[in-house]
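Order of writing sets the chain letters: A, B and C. Residues in each chain are counted from 1.
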Amino acid sequence: MSDAPPGRQRPTDVYFFATCVVDQFFPGAGLDAITLLERQGIRVHFPEEQTCCGQPAYTSGFPDEARKVAAHQLTLFPNDWPVVVPSGSCAGMMKHHYPTLFAGDPARLVLAEELSGRIYELTQFLVEVLNFKPQDAGSACTVVLHTSCSARREMGVYLTGRKLLDDLAQVNVAQQDHESECCGFGGTFSVKQPEISGAMVEDKVAALKATGAERVVSADCGCLMNILGHAAWKDRQEGRAIPSLPGEHIATFLLRRTTKESAR
Amino acid sequence: MNAPQTLNFMPSEGFRARSKAVVENPFLRKSFRGAMDFLTAKRAAQFPDVEELESLRTLGERIRQYNLAKLPELLERLEINLTRNGIKVHWAETPDEANAIILGICKAHAAKLMVKGKSMVSEEIELNHAAEAAGIGALESDMGEYIVQLAGEKPSHIIMPAIHKTKEEIARLFAEKVPGVAYTDNVDELIQIGRQVLREKFREADIGLSGVNFAIAETGTLCLVENEGNGRMSTTVPPVHIAVTGIEKIVEKLEHVPPLYSLLTRSATGQNISTYFNMISGPRKPVEKDGPTEVHLVLLDNGRTQAYADDQLRKTLQCIRCGACMNHCPVYARIGGHAYGTTYPGPIGKIVSPHMLGLEATATLPTASSLCGACGEVCPVKIPIPDLLMRLREESFSAPRANPAMRGQGAGYNATISAIWRAWAAVYRSPRLYRLATWLGSRFNGLTPSRQGGWTSVRVPLKPAPKRLRDLVKERQ
Amino acid sequence: MNARDRILAKLRAAAPATAGDQPDVAGWYVTHRSVETGAEKAARFRHFIELAHAEVYAVPRGGWLQKLYEVLSAKAIASLLVAPGTPHGLRAREGLVELGIACPGYDRPVEEWKAELFTDTPAAFTVARAAIAETGTLILWPDADEPRLMSLVPPVHIVLLDAGRIYNTFFEAQQAEGWAEGLPTNALLISGPSKTADIQQTLAYGAHGPKELVVLMIGEE
């Protein structure tokens, strides 16, 4: 077991904020993230009352509705444990936008600012707090990593996912064209501007496939929904039974690679 | 590609159709992508040192915010110092007023031909139309602007106006429209054709019109940034020079200019400096042998005071018009500039146009963003463009209210959509309702509709997992 | 109220109470730009202006006329527009005429000879007031003796620069020379021949101004 970096207390307990997307659409990824944390000797607490960070309403121009939903989340983390979020965009919402959202509500602002200080994106937490260095138990493979725009630009954690993959001895990380470009998800953008969003995800999937990687991994399920949703649609269009671009959350990939008996 | 001939229409209307047309054209897709890759690579090469870039952006932001904070005082000082230097200052609240002032000066000189250096504000006020209607020729002299004018189009990029055209298209255009010119797609030859045509016009012109990059209050100086020399021609050869600019382009001190100028050229085209930096502090003096004998400055509001009145929206006015936001925007790269339907396209266009045209005409534009943040990341003066887009969404979609911060507030209000978001909030703020709704979703996931609006146009339907994470967590306890 | 007063009234009503401290421009330059020796500045100036497609020749202080003649000969230029009211312009005319180069002077208002300037003036010779190493930039302050169109209309512009007049940065130049105290009607920074990339991002020189820019640099070590 590795030590925490100097000056940062290694916590014994964390809260896990799953996000509504993981809860409903990628529960396996959430469970794998929890398992991964527990294997590092961390007690993971899943507040049963959690729902959604409020981001869908916030980015769509409905801050009042976002505030109501966010206000509920503020009550879920009473102990001063870190809050680990398996999504850069939801983490970014809680870390950077909650204080703005509650700027006019002094009592909640205090809570929001306090909470902001202990929000971690999952890969950031694994690398920066736990100093986690995954031991690869799998066979050689090539994957490609998609980092969400929020992780990259809002949370500034685009290096941590990459580092975790680089630590896996048998895993080659391919480099896609226009790596830093958005996949085109953008929440309601994908529904309101389907032509533009569609063009963006089409290009993204093409760039990911062009690397020849056997799968795409990402720390954000919003991007994965979009990327894998388009890749599967294209497979259907072109009559392929086997997915041309499988993908999964980085937690699932890391857990599998570091699990000896089931290193598939 | 058909460009709108006039901006007197609702940019919001038809935005989706226009963007769809470009997205479905593989040739345009490839050419925009190539142009944007070229510009982003050039900018990146100018900023190898991240610390230098970030500290310079911080300084640029500070300079712009400082000068905006003092804007009313600085405008008055600018007016005093320009007047002292012999430059006549005019004020216009609307495009019509600005055009009337400019055409009034033209008429006083019985002008027949106005030659124009690059000016986005003159596009904003649609000066060319107004001049034509008044019987005055208005000729664009920036090569890119000249090309789009010849084609009867509008610029599709604020720095590279003809970025949507290939050299073959330009070759055909010149062969067809310029008398005595045979088809050539050699770029040097094409530029020389433009040079010859326009040199004649510089000599003939009665009026030279330009924009302004920075107006310096303390010295009473107008600064113009360019590479071609047409800006210098327009402001030096004709007997009268009229500059037109937005009221926000002002700095208090000369020393504020070097950092902004450096940020501008490095961010815009990836040049360490432009070929020319032209500082004009007055008309020709009696002893001088060239230069205009009259210099005018038209200061335009056109919605800028509205943006100014709100602490958050004021940041829109920090813009120095480099175009880096559009060069890095994945949406702009897919649809190009014309699809926006506004004078200023791309991310900056989405946040500035609503003040000029009202949200009623532009409500769709702020939704055309995935909020990826690339624009804010490269903005040389750190305009928080994604935050402003979210603000504009709120201004647009909220129910009309008294004393709105913006013209057209509530233009995108839809009672049903608002009710859906209220219902969403009611469910997601309540753990009990959330559990019920998501349980139903997972339990009956077989009933998920196979068509899900825009989502399923290029994606398989979203389907909740049979068990939620909270169920899996419970099961393992 | 007129437009002016309405605009100012709206701005005053909304302006923040305070603008805060002056932006620390000088501080940024101190921490981010080094002060170089004369030789380093000359080398940096040369590097950047050559990248921008200018020709640079080192010339001896007393002997620049010879290089000027060589440049003109190499380019087959038989006529050079000069500023006879300046020492260098007069010197060029005195020296070149006897070598067979015509040296018309810019000695009357442009209106009197616009056609000739635009169609029959292949080159012009001016001095640079100073230069900037950081970006490879010439600083010109045109005046009654050496008017502004000399550096713009003729297809070839030849500039005499004293390497001792090279500043590290634009900021340093304007500070050292006290530009804020007063600027001429027209001050120019020139960083290469005229150019454009407006057709398919392909660089082409000689868009509207000079196609060629030649710098004769005195005192480059």
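FYI, a contact is a pair of C-beta atoms (placed from the backbone, for glycine too) under 8 Å apart; a residue touches a chain by one contact, two chains touch by 3 or more.
Just so it is clear, the model here is predicted, and its values are computed rather than measured.
Hopping across touching chains, the smallest step count from chain A to chain C is 2.
Taking the mean of each chain's C-alpha atoms as its centre, the chain lying closest to the overall protein C-alpha centroid is B. The greatest centre-to-centre distance from chain C, using averaged C-alpha positions, is reached by A.
Looking at A-B and B-C side by side, the one with more C-beta contacts is B-C. Taking each chain's centre as the average of its CA atoms, chain A and chain C sit 54 Å apart. Separating the centre of chain B from that of chain C, both taken as means of CA atoms, is a distance of 30 Å. Residue positions of chain C in touch with at least two other chains are not found.
Chain contact summary for the complex, chain C toward chain B: residues 2-4, 6-8, 10-16, 18-20, 22-26, 28, 31-32, 48, 52, 106-110, 114-115, 118, 134-137, 143-144, 147-149, 152, 169-171, 174-175, 179-180, 182-202, 204, 206-210. Of all the residues in chain B, the ones that touch chain A in their complex are 16, 19-20, 23-24, 29, 330-331, 334-335, 366-374, 376-377, 390, 392-398, 418, 421-422, 424-425, 428-431, 434, 438, 441-442, 452-460, 462-465, 467-473, 476. Residue ranges on chain B touching chain C, taken from their complex, read 35, 38-39, 52, 55-56, 59, 62-63, 65-67, 69-72, 75-76, 85, 91-93, 97, 141-144, 147, 160-163, 165-167, 170, 187-188, 190-192, 194-195, 198-199, 202-203, 218-219, 221, 227-230, 232-233, 236-237, 247, 253-259, 261-262, 269, 272-285, 287-291, 299, 301, 305, 308-311, 314. The residues of chain A lying in touch with chain B in their complex are 18, 20, 22-28, 30-31, 34, 46, 48-52, 54, 56-66, 68-69, 71-72, 149-150, 152-154, 180-182, 184-202, 225-226, 229-230, 232-233, 236.
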